[in-house]
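Two complexes, one shared chain (chain A), two partners (chain B, chain C).
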Partner chain A sequence: MQQDSQPVNQPNPFEKVVEFVDERVGLKTIQAKMLNEPIPGGSRWAYAFGSVLLFIFILQVVTGILLMFYYVPSTDHAYDSTQYIIHEVDYGWFLLSYHFWGSSAMVVMVFAHMSQVFLWGAYKKPRELIWLVGLALFGIVMGFGFTGYLLPWDQRAYWATVVGVEIMDKTPIVGDFMARFLKGGPTPGQMTLSRFFVIHVMVLPAALAGLAGLHIFLFRKAGPAGPFRGTPEEIKAKTDYFFPRQIWKDIVAMASVFLIICSLAFIEPVVLLEQATPDPGDYHPEPEWYFLFLFQLLRLKMFGGEFGQFLGAIAIPGAFMAFLAALPFIDTNPERNLFKRPAALIGWTVIMIFILIFTVSAIINREFLH
Partner chain B sequence: MQPKITAKALCGDQEVGKISKVIVDPLSHEISHVVVKESGAQGLDRQIPIGQIQQVVSEEEIVLRCSPDEFVQFPPIDRDRYVTIHEVEIAHLEDHLHVEPGEVLVPLPCLEQGVPRRTFFNNMTHAIGTLIALPLAYPVLKYLMKPMFKPFDNAWFSVGNIKKIKQENVGFQFKFTRGFKEAFMPEQQIEKNIWIVKATPEVQKAVYGGKDTKFFDNKGELLHVNKANSPYIGFSGKCPHLGCGYKWRKTKSNPDGVFLCPCHLSLYDEAGKVIDGPAPRGLDVLPMQVDAVGEVKIIDIEYKAGVKSQIRLL
Partner chain C sequence: MSNIKLGLLVFWPTFWTGFPIKMVFCLLLLAAHMHPWEGAGFFLLLLVSIPIDIWALGLCARTVFIDRLKVDPQPGMGPNLWIRWAVFSAIGLPLIKVIVSGTTGVAKSVTSNIVHAIKDSIYPTLPVAEQISLELVMWGSVATGVLILCLLGWLYGLGWLTQSFVNNANPLEGTEEERANFWDGLRIPADQPLLLTAFTGAGIVLVFVFWALLPSTTPHPHEEYEFISKGPKEEKVEPKKVLKDAEKVLAKAELVVKKLEEEKGGESKDSNDQKPKEPAAKEPQPEKNK
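Now for the complex of A and B:
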């Protein structure tokens, strides 16, 4: 009977706390703004790549921090501390392997994300800046792969860095300075490891977090592009909010990617080669798989010699990135329908085939060398 | 002219209510409906399509096309089917809305009125910021550049005995360890390798072109001379293409053996000349001494890979 005299909607202590915080922070408005974002034409699986990238990055940060509990970035301890993580620390092999495969997943997702935006014509006005910031993020992800690869300080790590830095050295005018700056000397050693470490764990994460924030801010500012086909009425009829349907698709995609990375970590855990030394022994140096096509390209005679090398290693990749950056400003036709943009479709297909052929031939060459 | 929210809505001459809300199309960003709150205490919020507005008499008054009887036929708004623009993120929606009851103003503080120093303060802020950053730029750059350039190490290293070589014009690998002292680190022993060929006179000629090869230090002083007729030739273990380690291999087209770099598949003959592949120059010949008992010593020189000319790195 006592209860009956109480008003029904009296807030409980938890609700009071929420109310207190909300009054000062405006959480409910922020939450509403975050979730109530209309997606023209409705949610799609194809829109999950960006969210998945954010998810992978967060787990890379978490696993990366955990690895630093044991890892020592010095030439006399990097290899041993990594071996210690793999062989002695409970679940160390798993966290390291997750971090390793997570980086591959990140590259794959960046690729998928960029392809989707390109094929959907979503880089066009008014989304030029989102595209540009996205390209910078692509560069940062590649930088993560390159710098992280050295840290275990085994032969694979050492030689990928030797060749990678030599390639950078071929940049006109600033190349020598850049290469020495990265190496911290004429040859790879402690200074290189220190520099790669600080770039990998401080500089790039800060840059990525900042630019990813800007990327999402600009994306929210411009609004999602939506499908490239359909009348305004059709698109309006199918429109829904970010929550719940898109978030559902995103979380399912994240869970799938998480399971794939975990499976790879179990099936193919990281195994180190011999400790790094300037004598490669029987090891055949090779970069990480997503750089294999460039590696194979540089085997071609036409990209040999001083000029050919500059062409293959610097000029062509540089020109391609410059072209991607200029794309939204060159391609000002507002048409977004992929099937009315034959050059885009053909161009994308040709590049994919090129990358595929060169990657596969690098793998075939590997067999031939053994 | 835009009617204000709270403007009176009339059907003919009769006031039926006041505008209480407007509804915007999220796609076109245009107003699609006005919501008119019926006069009277129990008045419902009725949703009137924008086309029903016949005339905007003033900011305070609009006239609808319908009669008062037709007005009450318009459906009351189902509030749950709408969200306010503060709870949703539609890009640039606010830019298109001019339905506020006029501009919302706050008074400028007295001290800020008629003061022409904003630009000055703006520029000063940037100037002081620059003055903080400038003196830091050079020290930071020097700080980071500290280990980049090192003097060359012209010490001689023993790499093994020449008696190991049994065949002529075949590459033999000599591994050696050398001390490597870097900054604060304790001296480390690192493994390196060079390749030595016992050359026939033809190969000697191919390497040296019949002339002695002189090696100088960075001050221009002579370090060593490799004689044109010396039978043993030592090659730096670093591939001149992109710095990998090459091997001596027999291949189908070169059954006698060639130097093959597994990285980018450059091929060099026993004189170190490029046979195939992307290398820009031949293998780098090292300054080398062989003493009476066959002990080999070299100066551990590395040149920059990927360029035509030899640029010494260490």
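Now for the complex of A and C:
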């Protein structure tokens, strides 16, 4: 009988490279830890929001870097360089429009993710820190929107910043300092643009990357909360690993969001208004759509005057954010079933209706301005 | 299970299962300068949606049947159920649109009259922002209520059309885990590497098609848009003209210097005459911009 001289399981070159890296960094252990995370109650579409957020952020970084190859952050050239990106650079219009709609998608996803965590009661013990870091990430995403809005240096950008900084100025104690720091002068100019640019491309991405890492670390430490209904036996029976089902759901959700952002870039590509001037002319200043409800709220008579503006712009939103931060420590009841937490369900519904009504009101209000 | 719940349980995952595939097609249409919501683009989207919806409906309905109702439907449920749903929705959805838009119109009109009556008799200084929100809440509540009722009716219809398939289905035996494994076994393809290769290949082809269709410069979809930033005008430099101009300038300068020297000489000669001075030579005036 002839013996086979070839070894049976000879590794191919790729396997050899993997083996080499694995010996040095523990690749297989990392892979196993990442993919074999148990998900109590099995995979769900509702769990995809966090992964989608990470995906959008990565694409925002990529498109942002590509835009920075052409963008010039000076008041003399910001507008022209943005026009150059839109009209001259190959696919520049698409990159800019994708980046613009990507920021809106990020706000929507943050909102969806926070809503899911709130409604699932996943902020409760032992996940308080995940919730707090998530709130900080929410603030950073809003900061991205606010600072990025100024960069094209058109009338819309300029006046949205003027309004935003004026609102910030109303904050007690630190408001004046923050407004002066951001503006860098009596009116928005080169210093404002430079500072917004640095915050947008250096400070906030670094902060977001760091906090997102901490968020994921804390999440993996505490483990997924799982569904809010079902007996422990039922949940245990349906428990599945992160791979392959949740990975598949995450990929499909990411692809869907990517397709939606691309489609929006086609349907409503970025079009600049006139270059920024200290004279608004016929332009009625307005913030980005996700701040519209707050903007409309401040138009109400009860929020008129110095104190009213402070109440509507700073005190109420500040108190709401403070309440959200304190929520895991106030709501210590371990019950997570949404239908046994009527205050949570009603509260969330009321806030959603409130935001919807005031956002639509702000859109209708445009007709009255002309 | 109620008809509304059954309709919702089947419709909701069916919609989301077909959505990403339809979105791919929508994006390709947009890249090819066709709007998926009008004209030929809409027709093409409808055409592509038919097989996608039949497949998605069959898959999702069978999942609900096995997972929730513990029955296995008869083969060929997808196309049969789709035809019923499509005919029902083709009549029902336009009807809902007519009802909701009609109700919204009436509600807006009534609301406007009520608010104007309030302004005339009770609160003449009602601010604009408050008026907008008040009117929106009033007509929006009515419109939303009617929309929800109509949608519930539509879902009831979808559930009712599905019930006959439930009645004809075969009951499934075994535990929950066994049923889940049974359905998993049916969905796992026989040749997994082939499926993965086909998916990857389709993805690569779609990416190439997208980049081939994607306009490299902005498609300017807004008619009112004007290119605002024209940038500095480029001037062609002609060396001969530049030299000729420079010679002219030098000749003029020489003339001016010469006349100034003459004037200076004249001044020292007639220094005792005390006559009022006149400029000997005018400086060249800059050309006025026309």
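Basically, the second predicted complex is superposed on the first by the 366 of 370 C-alpha atoms of A that agree within 3 Å, B and C clash if a C-alpha of one lies under 4 Å from a C-alpha of the other, contacts with A are read in each partner's own complex, and residues count from 1 in each chain.
Going forward, a contact is a pair of C-beta atoms (placed from the backbone, for glycine too) under 8 Å apart; a residue touches a chain by one contact, two chains touch by 3 or more.
On a predicted model such as this, the values are computed, not experimentally measured, just so you know.
Asker: Quick one: on chain A, after the overlay, do chain B and chain C clash, or do they fit? Just give me the call.
Answerer: Pair status: fit.
Asker: For A:K301 in the superposed arrangement: first (chain B), second (chain C), both or neither?
Answerer: In the superposition, A:K301 touches chain B and chain C alike.
Asker: Just to be sure I read the superposition right, which of the two partners does A:N365 touch: chain B = first, chain C = second, or both, or neither?
Answerer: So A:N365 meets both chain B and chain C here.
Asker: A:A237 contacts which: chain B (first), chain C (second), both, neither?
Answerer: second
Asker: Once the shared chain is lined up, is A:W45 touching chain B (first), chain C (second), both, or neither of them?
Answerer: second
Asker: So which one touches more of the residues on chain A, chain B or chain C?
Answerer: Counted on chain A, the partner with more touching residues turns out to be B.
Asker: Touch check for A:G184: first (chain B), second (chain C), both, or neither?
Answerer: After superposing on A, A:G184 lies in contact with chain B but is clear of chain C.
Asker: Please indicate which partner A:F266 is in contact with in the superposed arrangement: first for chain B, second for chain C, both, or neither.
Answerer: After superposition on chain A, A:F266 lies in contact with chain C alone.
Asker: Going by the contact rule set out at the top, does A:I357 touch chain B (first), chain C (second), both, or neither?
Answerer: Touch partner of A:I357: chain C, not chain B.
Asker: Looking at the overlay, does A:V252 come into contact with chain B only (first), chain C only (second), both, or neither?
Answerer: A:V252 contacts chain C only, not chain B.
Asker: Touch test for A:I86: chain B only (first), chain C only (second), both, or neither?
Answerer: second
Asker: Could you grab the smallest C-alpha gap between chain B and chain C in the overlay, to the nearest Å?
Answerer: Across the overlay, chain B reaches chain C at a minimum of 7 Å between C-alpha atoms.
Asker: Please write out, lowest number first, the residues of chain A touched by both chain B and chain C across the two complexes.
Answerer: 299-301, 365
Asker: Show me the residue ranges of chain A that touch chain C in the complex, using the header's touch definition.
Answerer: Touch list, chain A to chain C: 45, 79-80, 83-84, 86-88, 90-94, 237, 252, 255-256, 259-260, 262-263, 266-267, 269, 271-272, 274-275, 296, 299-301, 357-358, 360-361, 364-365, 368.
Asker: Hey, which residues of chain A end up touching chain B in the complex?
Answerer: That would be residues 29, 32-34, 36-38, 40, 74-76, 159, 162-163, 166-167, 169-170, 176-177, 180-181, 183-187, 189-191, 220-223, 232, 235-236, 239, 241, 277-281, 284-286, 295, 298-301, 303-306, 308-309, 365, 369 of chain A.
Asker: Write out the stretch or stretches of chain C touching chain A in their complex.
Answerer: Contact set of chain C toward chain A: 16, 19-20, 23-24, 26-27, 30-31, 127-130, 132-133, 136-137, 140, 176-177, 214, 216-219, 221-222, 225, 227-229, 231.
Asker: So in the complex, which bits of chain B are touching chain A?
Answerer: 26-28, 83, 86-92, 144-145, 147-150, 175, 180, 182-183, 185-186, 188, 190-193, 237, 241-245, 262-266, 276-280, 302, 304-308, 313-314
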